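Below you'll find a set of structures to go through.
One chain, subunit A, links the two complexes that follow: it is found with subunit B in the first and with subunit C in the second.
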Partner chain A sequence: MKMLDVKGLNISFALDSSSINICSDVSFSLAQGKVLGLIGESGSGKTITCKAILDLLPENAEVEAKEISFKGQNLLGLNQKEFDAMRGTAMAMIFQDPVGSFNPVKTIGWHFLHAGKRRNLKQYGRGRIFDDAEAALKEVEIANPREALKKYPHQLSGGMLQRCLIALVLFLKPSLIVADEPTTNLDNLVERQIVDIFDKLRNKIDASFIFITHDMTIAEQISDEIAVMYAGQIVEHGNTADIIDNPHHPYTRALINTARELESDVDVLTEISGDITSGLGVHDKCRFGPRCPLHSAECDKPIELRNIGNHGQVRCIKAESFEGHV
Partner chain B sequence: MPAHLKYFLSRFLGALATIVVGSFLVFMVMKAAPGDPALTVLGDFATPETIVEFNKKHGLDNPLIIQYLDWFNGVIRFNFGQSLTISSGQDISDLLAYRLPNTITIGIYSIVIATLVSLVLGTAAALNRGKLTDTATTSFSILGVSMPDFWLGYMLILGLSINIGLFPAYGFISPFESISGSLHSGFLPALAIAAPMAAVFSRTLRASLVENLNRDHVIVAKSIGHSYKFIFLHHVFRNSIIPFVVVIGLQVRYLLGGVVIIEKIFGINGIGSLMVEAAFARDYFVVQACAVVFLATVLVINFIVDMICVLLDPRRAS
Partner chain C sequence: MNTILEFDDVVVHFQARGNLLSTLSGRKSGFNAVDHVSLTVDKGEILGIAGESGSGKTTICKAALGLHSTASGAITQEGKPLSINNGSLQMIFQDPLSSLNPRQTVAKSLETPLKLHKDDNKENIDETIDKLLNDVGLNEKFRNRFPHELSGGQLQRVAIARALATKPKIIFADEAVSKLDVSVRAQILNLLKSLRDKYNLTIIFVTHDLHVAHFLCDRIAIMYFGKLLELGPTKEVYANPCHPYTRELLGTLDRDNHVIASTRDIFNPLSDDVRPCRYLNRCPHVMDECRKLHPDHYPVGPEHTAACYLFDNEDD
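Up next is the complex of A and B:
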């Protein structure tokens, strides 16, 4: 069953007199129980895309799409109240900064108590809600959940808070979980632990995940399929193994090479020259063009996302020239 | 809670230390002021003999530090000595006991008015950022801080009292006589003191509401599916109250400055007008007593504000 189907998503932000296009023609779908790794560098539109799906963008965002549907239900026509009813319990998001994600003047328990109201647990009272909360906290390997519930956010470390936030989302039992670079603000050891928790959870619960990251190694470990974003477009999408072993887009290929170099401890990493701003808001040619080693005059036209191989899609007219050699 | 208790104790000891140091400064400043208490009282009858006798009677021939300790010893028992001018030696503590309730009433009255007005204006401005309501409240605020309180006081008398006759122009009914009479006769002076404070309070509230509206935990709460009403109350307003209370506490100093002038304008028998009258009459002991009362008021209010803040914001205790 299709959990999520996004077709032709365009996002712009209105400024004082003009508007700036951030994402264009983003399309992907996600099956139940699958994990999609959404990968790309900062500013590529990963977070904005997911926030648009959950209708969490600020007021000046203009979101258009041919279709955004969740379990077959069209999300585009929903009003604020109908969206509130779905957020949290049907689809939820885990954010980058665990410290800022909690209200600093309220205890962790308070956050669970009120999240419990979203699940209509109020009738069961505090005791039952806290029992459920403790179970969720155990799930993310918090040793003493009862104590954690009594703590204020400033009394816990970033890693602990990220676990609490993951637990809060688990506690709501949504069927789609967006994890937005949940390990970016944590140190390496804690990052490892959090990724392992996600790896364990995805097999244990029935939810679909969108895991946003800029780390190819993490995406490889935990996702079933990978979508690579560049400058607001999906440039390649396919099964994790296909993408890793046989990338078709020059950008994906560069990302994977960098990840491999990191693993093998080379002294100097290969850098993709230039920066992402050269591709933002470009409509009449390939957005990766200015940084692409294969770039030629033929690339200076609008490039469509097209099927390649058995299941994959790529947004590059020269993708075939990579066939077979990585 | 031990963390709270520790905070409470450290603040309390801090306040005690401040009153000792502060009262010493008040005492020394009054000593350094020009003039001589003996001459004030004896006037034309002053002879070297009568002056020595007067100084001996009031302990003014002792070393300064002994004089201070004697005086401070009285202050902590609410015994400030006798006035030099009023009713030929009335107990200053009686004067204060009679006048302090009037000043406290006006002070609290103006804080309540300023707080209520700024809650409405600050929230309205924050929820309508960049729109007409926001611009209007900003303009009001600039007007509020720019108007001197004595000028506003006279304008209010002219407009609401002399022309329309809604409120009395002069005099104040003690809250012990009639609470409604006190609220009615105290409205204009309280409003004159409240206007500039309301301006500062509403700017503060607006700024911290806007800041808290953009916090990450607000988006997280939204992503959980909490309603806008819930998020505004528990994540935005709740957190914005903390700097709001701090600023109210800080403005108390300003309020006391306003009270001195406003009581004089509206003919209120309070500490502020007592201090002004005593200063003109060169009644050192009364001025000194009023200054210490103002000092104590600031300390008590700051202490209360600190306690409220630590209850509102658990991060402060640790």
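Up next is the complex of A and C:
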């Protein structure tokens, strides 16, 4: 079954007098129990895209889409109240910024009680909710869950807070989970644990995930499919192995090469040169053009995301030139 | 070599939220987030700190900046107490928002430290701001943005630019590149390396990314529950990890190695005895002395030490 269907999503922000277009023509769908890895350029619109799906964008954002549906239900038609009822229970987001996700003057335990209300667990009473909370905290390898519940956010380390946030969302048991860089503050051992938990969970409750990450190894481990974003557009989308082992878009290739370099023994890492400003909001030519080693005059026209054989979709007119390359 | 920073038997103690009853009942009301850590950093060195989440990495950096007080021990810069007010010491915080004023634009938040530490005129300051933004992969278009109008990685880069603005001698970088795509990360890492090479900048680089540590850091310190467990040249530690925890941690770099950290009985500083080895509950090699006292550091290679009795060869 389709969990999520996004078609033709455009997002702009009103700034002072002007408006800047951020995401343009973002389309993808996600089946039940599947994990979509969302990777790509910092500032390319990964967080914004997901926030738009959950209706979490600020007032100055203008969102347009042909379709955003969740389990077949059109989300674009929902009013504020209907959305509020769904958020946290049917779908939830683990935010990139764990500190900002907590109320600084409330304990971790309070946050679980609060979340319990959302899950309509009031009839359980405090004791049962705390039992559930402790179990969720144990799952994310918090050593002393009982003590953690009594702590205020600033008394926990970055990684512990991030794990509390993950536990809170697991506690809510939604069927669509957007996890925005949920493992960046974690050591490798805990990181593996978390990836395992997500894996278990999607089998157990058949949840679907959008997993935003800058870590290629994690993306490879956890995702069924990977979508790569650059300057507000999806530039490549396909099965995980196809993307990681044989990327067809010049940006994806550069990204994966640098990741490999970092794992090897080099003195200087390869950067992508060229002008970073030129991407966002450009409609009449390839957004990666100014930085692309393959750029030529033909690239200066609107570039569509298109199917490439059995590789998936690529937004580059020269994608075929990488066919068969490794 | 030329020591710039010295941590001498440093302890940072945190009070848990204890009440009178728990104190009277003999329950411990606090714990050492940094527990007798000694370590020196050379001028122009990049020292990595890695280790378990919650092991005290951020705390030790904040203690150096005077943001946490030390319960005992001393932290000195070239033999003197650290001078935090002249901009020669900067920290890039793990949470970039915490160092940026939400009501200040990017340009404003870079201008403030620049003005404090330079007597340049306005034009120069504007130029410097643009240069700083360029260095971290942003540009003048970001000048008038507010923090909430930036992506996670853009924020992190503004925080980096802000720390670089005062041309510090020592930078504490706490997970400073964790939110950046690999390509921007490469740019920042190259930049930090070149600043070190050019200006002999000293960097204490806290990271969970073991590949990044390998690329950037001359030496690496491995921490676990407030203790420094292993210290040595990065290449040497990676080639020859000694402490069982370091072996476990670095073992994750081997993709085919699927030993998962078991659901384990981790040390609880509030209820467990703090005298034995911190790693006791997880260690596969426990010996009698491990139960008595947390070990000192023993030499295990060139400039390489580990706090583990497996390497105590004294009575051989």
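Please note the rule applied: the second predicted complex is superposed on the first by the 300 of 326 C-alpha atoms of A that agree within 3 Å, B and C clash if a C-alpha of one lies under 4 Å from a C-alpha of the other, contacts with A are read in each partner's own complex, and residues count from 1 in each chain.
Criterion: a residue touches a chain if its C-beta (ideal position, glycine included) is under 8 Å from a C-beta of that chain, and two chains touch if they have at least 3 such contacts.
Note that the structure is a prediction, hence the values are computed from the model and not measured.
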Which superposed partner A:19 touches (first subunit B, second subunit C, both, neither): neither
Contacts of A:155 with subunit B and subunit C, given as first, second, both or neither: both
More subunit A residues in contact - subunit B or subunit C: C
Partner chain in contact with A:172 - subunit B first, subunit C second, else both or neither: first
First, second, both or neither for A:100, with subunit B first and subunit C second: both
Which of subunit B and subunit C A:239 touches, first, second, both or neither: neither
Subunit B versus subunit C as contact partner of A:29, first or second or both or neither: neither
Overlap of the subunit B and subunit C footprints on subunit A, listed as residue numbers: 97, 100, 155
Residue ranges of subunit B touching subunit A (in the complex, touch as defined): 215-217, 219-228, 230, 234-235, 238-239, 242, 312-315, 318
Contact set on subunit C toward subunit A in their complex: 14, 16-17, 50-55, 58, 94-95, 97-98, 137-139, 141, 144, 148-154, 157, 175, 178-187, 189-190, 193, 208-212, 215, 248-249, 252-253, 255, 260-261, 263, 266-268, 270-271
Touching residues on subunit A, where the partner in the complex is subunit C: 13, 15-16, 39-43, 46-48, 58, 96-97, 99-100, 138, 141, 143-144, 147, 150-151, 155-160, 163, 180-181, 184-193, 196, 214-217, 254-255, 258-259, 261-263, 266, 268-272, 276-277
Complex contact set, residues of subunit A against subunit B: 54, 56, 80, 84-89, 92-93, 95, 97, 100-106, 114-115, 118, 152, 154-155, 165, 168, 172
